[in-house]
Amino acid sequence: MPQNYVPIFIFVAVVGVLIPITLLAAKLIRPENPNRTKLMPYECGIDPIDSARGRYTVRYYIIAILFVVFDVETIFLFPWAVKFKALGIFGLFEMLIFLGILIVGYIWIWGKGALEWV
Amino acid sequence: MIAKLKGQYGSGICEANTYLGQNYMVVDPSIVSDLLQILRNREQFDYCVDITAVHYPEREKQFDVLWILYSFSKNERIRVKIMIADGESVPSAVSVWATANWLEREVYDMFGIRFDGHPDLKRILLPDGWKGYPLRKDYGIIQQDQEWVKANLGIESGQ
Amino acid sequence: MLDYITSYLSSNTTPGQAGNVFWALVYIMIVFGGISVAVMAMNWLERKALAHFQIRLGPMRVGPHGLLQPIADAIKLMTKEDIIPAEADKFVFWIAPLIILCASFAIYIVVPFGPTHAITDLNIGILFMLGVSSLSVLGVVMAGWASNSHYPLIGALRSSAQMVSYEVAMGLAVVSAIVMTSLHGLGPYGVGVGTSGTGTLSMIGIVQAQQEQHVWFLFKFFPLGFIAFGIFAIAMVAETNRAPFDLPEAESELTAGFHTEYSGLRWSLFMLGEYAAMIAVSSIAVTLWLGGWYRPFPNTLTGDTWDLVFSLFPGLTFLALAAIAFVGVRRMPKHPYFRVQTIGLAGFGAVLGLIGLILFVPPVRDRIQDIYWFIAKVAGFMYLYIWYRATFPRYRFDQLMKVGWKVLLPIGIGVLILTAILGVVL
Amino acid sequence: MAPIGTLHYLVVAAALFILGVIGVLTRRNVVIILMSIELILNAVNLNLVAFSRLWGLHGQVFAIFVITDAAAEAAVGLGILIAFFRNKETVNVDEVDLLKW
Amino acid sequence: MTDRTMFDLKPTDPKPADDKYLSHLELGEPDKTFLDTNELVINMGPQHPATHGVLRVILKLDGEKVLGTECVIGYLHRGVEKIAENRTYTMFNPYVDRMDYVAAVSNGLGYCEAVEKLLNIEAPPRAKYIRVILTELNRLASHQLWLGTHALDIGAMTPLFYTFRDREEILKIFEKYCGARLTTHAFRIGGCQYETYEGFERDVVKFLDFVPPKIDEYEELLTTNRIWLERTKNVGVISRADAIALGVTGPVLRASGVKWDLRKAQPYAAYSDFDFEVPIGANGDTYDRYTVRMEEMRQSLRIIRQAVEKIPEGPIMAKVPKVMKPPVGEIYHSIEAPKGELGYFIVSDGSTQPYRVRIRPPSFVNLQALDIMVRGALVADVIAVIGTLDIVLGEVDR
Amino acid sequence: MEQAIQPGMQPVATTFFFYLLSGLTLLSGVFVITRKNPVHSALALIFGLLAQAGLYLMLYAPFVAGVQIILYAGGIMVLFLFVIMLVNLERSQREERFNKQWVVGLVAAVALGVLFVVVYVKGKALFPYRIAQPLENSNTQQIGVMLYGQYMFAFEIASLLLLVAIIGAVVMAKKRI
């Protein structure tokens, strides 16, 4: 393993030690006397009627999909960006075709209205 | 205008007068639905200022129900008043003026007067399930619905 | 062992590159402590600055000019009862703030405070930073889901949708900067002649590329670099959920968004994470576009005189702060009640002045240069954050999405393509 | 202890692959089945990257393609899941027994 | 925005209201079925930072989009109308201050004038001028408070502190005049209880010079701010016909393009003596309501300046009987409160206590327009619209 | 160990980290397939993915590790979490976790495992221990060259795949809009 990455693991170890200590320390000094009202979810002072989970609009999901797709696109651009001088015009065109295909998709979803919120 | 209305409804309009510079007319409950429509559409009383009621327990027809109307084009106000007995209902004006919705609910809430044709007649200021109509004269000023208070707030009523 | 420790001091690489575990640990601890202190200071400064924007005084009671307020807050939050709603998913509820906290602190692994003052220098530094910062989305979603309450859920969905949307624009802006790193040389636009043609993802490499090209990437291919920087600057505000993009925690709509149900220490972890992330993304912006740790005009204003002038800045800054503190001391009400506070402020000023004086000592002066300029640039961003908060109303969610997807994304792609074409042609 | 070689990684990858297969074959919840597929793909990636140490970077490039593929698969698969859930109010694979709805 | 033609007398469309609203009425189902639907239903309020008190709005949402709302009010109901029936006319006077507690002076003015009308007496001119000055100052204070909280709702934090700073000057004048800042109880039936204090005019003039640059300052922060424009333009639109059908009044009505202000239409107190304009809007959106109120602040300043310049000498109380027993009869009197038409309908049975006092609160009626304004909008717009309606729950619930 | 050992990074540490990370990977895999609550599964999967990124780092594949963190942990898992939030899972949580054919599935998986073991035992000798090390420092650059050279066709196809993914998902999910 290259040594450059060692600090990441040290970081993980430090976090793994520090956070439990903090949480434990806080647990020792804070009061603990829950009651029913305290443990109720916040609903602006009204008793909640139903579970809050699972009734949300699909638009959020479309946003997430678009994000993933464009994220993949960005990832593919990184190797090109560090070497694009060597890849030259040919690499540029490759990249442009790659982007172009995705831009077509982007324009399509724009026209389809998936980017509109309402 | 009054003359025209009188010509149309005859004795339906019991009284049309001015007191302290303010016009009012007392009409028969049976024609009030029509009359309000006409006032709105023909006479351009397009703004319903208020709907309210007054309770006279010693009268046979216990309630006055009032519509206070205003016309933007004439810059004029008029009060339409009907008298009804306890338990009688009044035609709703929601289809004439949308604003009547909450105003009628408040009258219902405070006096217990029902409005026929109201889309959602329920209590507005007092909580659902409250007993009694506070603005009636037989409702004491410190009176509370003790059962409701106990059931919903978990405290003894403050009396 | 001692050798192992001291040998690093004479090397000129980061502890990670030197493979020095001990110093890596020391650096990590310093960065952890430093960031925690910075977050506390930021907290105080934000409240103070915001207050002065709004013609009020801000914290004044705890310590002179409220200087001890963050400590008081920390103690308060530690001793507050920790409430986990009965309906909540305990484990996920417990782990969500930790994910956010770790994600925002992990970014600092690659932040170069100076050519050697970084925990490590990864050859995928910027990729690592993007990846780690994208992990905080998971924390947000989980916090909202675990609370099992309407407001946190809506806040979480909003927040995550917002964060992922702006991450795309952010990524494109970053790619533009990476493209610029490939353009070494001293031609007309700082490119062309003597090109090595290889870019880098390493954070230190990016800063050095700016030094080699004699230009901050902010001004590279003006206005392309500037636009890319603008995209990044907007995206980073949105990424950290700060005004005017603070919808997830829009207190007037969602009361507190995804952390509505959190209290006490757990809530403070969110705050710590948020502020740490603010500082982190600002550091990234400084690294990518503002020449990182380099002082202004390192290539034009050269020579010993200029070096000396610029090296005096850190000390002067602290002396100025000390002077402000002493002015504050003079303006303190002359009343026995305020005696302790006056002495405290004077002591604080004295400490600042002392630090300032120490910073004038030549060896310290030279060592501290990089860190000073880096922090000064980051502080500028921090001030911008506060300024935005004082000035702007809040975007609405659909407008936010519109800005992200329909404005920043096309502009980002356009800038990238133009930069690439320019880079290939020149 | 033996130094860690490619073989060690392959063993881990194989175990991960089997875990994924078990998940796909035994769970009812479609979301978890999709996650198990991700496990399988990860096992493949681990293999590819481990092999890349032997025969150059091809394996890493392939791993990137596999991740791309996983993204596309997750996007479409979960899209189908949502459409399905909206019609049938269930995410159980046992109940996906119609070819159209 | 404003033109000088006094009145907009075009008759309104005879159709009762927009179809949009009527369709809503068909939708208005009772609470139970409302919750049974598969959409997301959340409560906004009563314990919510942006509902301006204890208003509860049940929102039916599809994601971020509002499908419908239902207001639940009454959390602050104190039975003011019932109290009135058990107090003498004089004793009830302080109670009206507690309704719209940010514009207590206006409440008092309306009540006093209504009872004066019923008693058939008239306040002396000096008293009327003092009333106008104080009422307009109060309108300014109310609008400033509205602006601060409205901007805060939309996320601009700073205007709140600016407006509160400047409102403080008004409250100081009130305090010097009558000893109270919020619930002033400044007027008596028949005039004003207090003569103006020494230097009252000077204070007011000083204030008049002080505040216009401050109003410019608020506008500088907001009016041309891109985000502010995006958040307010075409948000919470209410058409002219809808506005009239829903009986909304005040700036909300005027922003929809109806040039109607009771101070002009049926002048009370001394308003007929002053020259001022009634600003109107064109689109009836949140931005128009904002500009209308901003302009109203400036017009108020104009009125106050004229009033201070022309204030006559003379007594401040009319001859009022020790024991007030108005003749049997009923009266409806309304004034233009900062929020809209504030009406008092008083029935006298000849005794010392009113037989019935009905208060027509502007906020109550305006709040009813919330639903139509936010249908199809986003959650954030609900906040903006609640803010722009300028409701005070003390008045809504009475 | 393939490379000359550099100061600070002992082979012991490599071994330790390998067993730690692969243990985490497998453990999280077990949690993924056994948890009742999909969110817990997702959480386990995230930890597994991060541990695996660590393994990639150990395999001198930093770019793949970065992609793993950004795309898998930060992208695809967000997608999973969104879906879990969008579909009401309360019912499925109360129900049986495994399907009716779980025995068959398990047997098949075990058979596969046996197959792997056989391959392992037979093919163990095939893998050399010392091999040429790809240059870790320019890993991304090398990947760039390959991706835009040798694998350009696959690369362009990938963009088509992504296009199809967008279109498919939007069409699928937008039915209602």
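Chains: A, B, C, D, E and F, in written order; residue numbering restarts at 1 for each.
One rule holds for everything that comes next: contacts are C-beta pairs under 8 Å (C-beta built on N, C-alpha and C of every residue); 3 or more make two chains touch, one makes a residue touch a chain.
It should be emphasised that the depicted structure is a prediction, and the values quoted were computed from it without experimental measurement.
Seen from the C-alpha centroid of subunit F, the farthest chain centroid is that of B. Two chain pairs are in question, A-D and B-E; the one with more C-beta pairs in contact is B-E. For subunit A, the chain with the farthest CA centroid is B.
Chain A has the Cα centre that lies closest to the mean of all protein Cα atoms in view.
In this assembly, the C-alpha centroid of subunit B lies 63 Å from the C-alpha centroid of subunit C. A separation of 17 Å divides the Cα centre of subunit A from that of subunit F.
Taking each chain's centre as the mean of its C-alpha atoms, subunit C lies 31 Å from subunit F. Remark: subunit C and subunit D have CA centroids separated by 36 Å (rounded to whole angstrom).
In subunit D, 64, 67-68, 71-72, 74-75, 78-79, 82, 86 are the positions where the chain touches two or more neighbouring chains simultaneously. Residue positions of subunit E with contacts to 2 or more other chains are 40, 42-43, 48, 64, 378. The set of subunit C residues that touch two or more partner chains comprises 18-19, 21, 122-123, 127, 145, 150-151, 153-154, 157, 160, 164, 167, 198-199, 201, 255, 397-398. Within the complex formed with subunit A, the residues of subunit C that make contact are 15-19, 21, 24-25, 27-29, 32, 78-88, 98, 101-102, 105-106, 109, 119-123, 127, 145, 147-154, 157, 160-161, 164-165, 167-168, 171-172, 174-175, 178-179, 181-183, 195, 197-201, 255, 260-261, 264-265, 397-398, 401-402, 405-406, 409, 413, 416-417, 420-421, 423-424. Only residues 1-2, 11-12, 14-15, 18, 22, 25-26, 29-30, 32-33, 35, 38, 41-42, 45, 48-49, 52, 55-56, 58-61, 63-64, 67-68, 71-72, 75-76, 79-80, 83-84, 86-89, 91-92, 95-102, 104-106, 108-109, 112-113, 116, 120, 124, 127-129, 131, 133-134, 139, 142-143, 146-147, 150-151, 154, 158, 161-162, 164-166, 168-173, 175-176 of subunit F touch subunit D when the two sit together in their complex. Subunit A meets subunit D in the complex at residues 58, 61, 65, 68-69, 71-72, 75-76.
Across the complex, subunit F is touched by residues 1-3, 5-6, 8-9, 51, 53-62, 64-69, 71-73, 75-76, 78-84, 86-87, 91, 94-95, 97-99, 101-102, 104-105, 108-109, 112-114 of subunit A. Residues 19-20, 22, 24, 40-41, 44, 46-50, 52, 54-55, 66, 68, 72-73, 75, 77, 79, 94-99, 101-103, 106, 110, 119-120, 122-128, 134-135, 137, 139, 141 of subunit B touch subunit E in their complex.
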